[in-house]
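By letter and in written order, the chains are A, B, C and D; residue numbering begins at 1 in each of them.
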Amino acid sequence: MSLSDAYMELLGIKVEAVGAGRAHLSAVVGPQHLNLHGSCHGGFLYSLADAAFALASNSHGVAAVALSTHMEYFKPAKAGDRLEAHATEENLGRRTATYRIEVRRGAERVALFTGTVFRKEAAGS
Amino acid sequence: MSLSDAYMELLGIKVEAVGAGRAHLSAVVGPQHLNLHGSCHGGFLYSLADAAFALASNSHGVAAVALSTHMEYFKPAKAGDRLEAHATEENLGRRTATYRIEVRRGAERVALFTGTVFRKEAAGS
Amino acid sequence: MSLSDAYMELLGIKVEAVGAGRAHLSAVVGPQHLNLHGSCHGGFLYSLADAAFALASNSHGVAAVALSTHMEYFKPAKAGDRLEAHATEENLGRRTATYRIEVRRGAERVALFTGTVFRKEAAGS
Amino acid sequence: MSLSDAYMELLGIKVEAVGAGRAHLSAVVGPQHLNLHGSCHGGFLYSLADAAFALASNSHGVAAVALSTHMEYFKPAKAGDRLEAHATEENLGRRTATYRIEVRRGAERVALFTGTVFRKEAAGS
């Protein structure tokens, strides 16, 4: 099964690795990802994190849909920057689960995303 | 001055109206905006809201950068849906401001975004 | 059935009104609610909003537990201020629901809370 | 200087340790902290985390005020539980900073708080 989807392809987001409760994605900021100030658009940074969130939260074989997310922006990113999103599991419950996604440029943390999903088909439910 | 930017063009987001502390944008969900489940990607819904947030928060002539945002997802959207984002101001302080953006499909609320900016060049600061 | 609980009593929070998907609470900031700066503690403002969130989200006869909440702080409050929390329903789904709670001092908005619950005993589930 | 305040005393919150960008607090859930379901009130869990957030964010000698916070609830807590809040710094900028606070019961994570402050008196500002 492909792990990528049409939206990730539109944005140039690559899957580096996916495991149980984890995902690692990357993208290079291009001119098409910029806002009027010439910086990387916040929606692009979020989309990169959100794609990692989707892969990590759906990695257990139970369909998971996003309920609530938040994003803290630490540093601007610019054209040419190579960004990585690293998703890890904060909590895995029967019906809900929470993930942390760091958006990094090298060793530097550019943004922090936290997201909670509803798990639709938990075994025995 | 154009109100659109490269990222909005990549996603097909249109500016309907912008005023002081307000913005109204629209987009039609296309096949390139879908995730693996065939629904509109959460990152696209967020990007639509975030673009409205950027226009509303920069409407006062003071450069505003996103600090913290959150998104509540209520309903899935699908290819062909016409979505609108309506941004209004919750609070306008000297150095920070907060906005509410509703993402709607007709009269139905699809998602709710709340975002806080830091205002960089407040008069007299 | 009493609508108040031990924690609300400890903090001096009063129930003004509760309806389907709605709640209205009040409290007066006392010296026991202050932080080291002499302002009302952020945890007290949140607790007032959270109590309104709990009443509004449990008003439909389905047990609701908090999953994810956020709070935006707009203005400081001080000893002697009379605060009100007004909870309204943003979205009511079968398994989840989202509420908005404004914390006000007179006509002024002091803080904004948004919270999402998981509904434990939805009919027919 | 005392690190505790009136609100922490009202709630029985103890300071275990404070360092640069860090804080460790504890509290025991008592009958006065319960909600109508007999569980620890979400506002109490938040207040414990928020007190750690305040100490960690004010630890650098620059006054910091909360702008935006969020809380993810993972597990219920009950009377008699000893809870700890551990605050660490996610990002320290000149005018804003972000903290992560884990609320734990022994090795178990009960809740996760993320908060962003505005720093009022940054050197040279």
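Here are some notes:
The definition used in the following text is that a residue touches a chain if its C-beta (ideal position, glycine included) is under 8 Å from a C-beta of that chain, and two chains touch if they have at least 3 such contacts.
Just so it is clear, the structure is predicted and the values come from calculations on it, not from any experiment.
Omitting chain A while holding the rest fixed, one finds the remaining chains still held together by touching in one piece. Between chain B and chain D, the centres computed from C-alpha atoms are 31 Å apart. Here the spacing of chain B and chain C, counted between their Cα centres, is 27 Å.
Averaging Cα coordinates per chain places chain A and chain B 19 Å apart. Residue positions 67-68, 70, 72, 116 of chain A each touch two or more of the other chains. Contact topology of the protein chains: fully connected, every pair of chains touching.
Note for the complex: chain A touches chain D at residues 70, 72, 74, 90-91, 93, 98, 109, 112, 114, 116. Contacts from chain C toward chain D in the complex involve residues 2-3, 5-11, 31-37, 41-44, 46-48, 50-51, 54, 63, 65-73, 76. Listing the residues of chain B that touch chain D in their complex gives 67-68, 70, 95-96, 116, 118.
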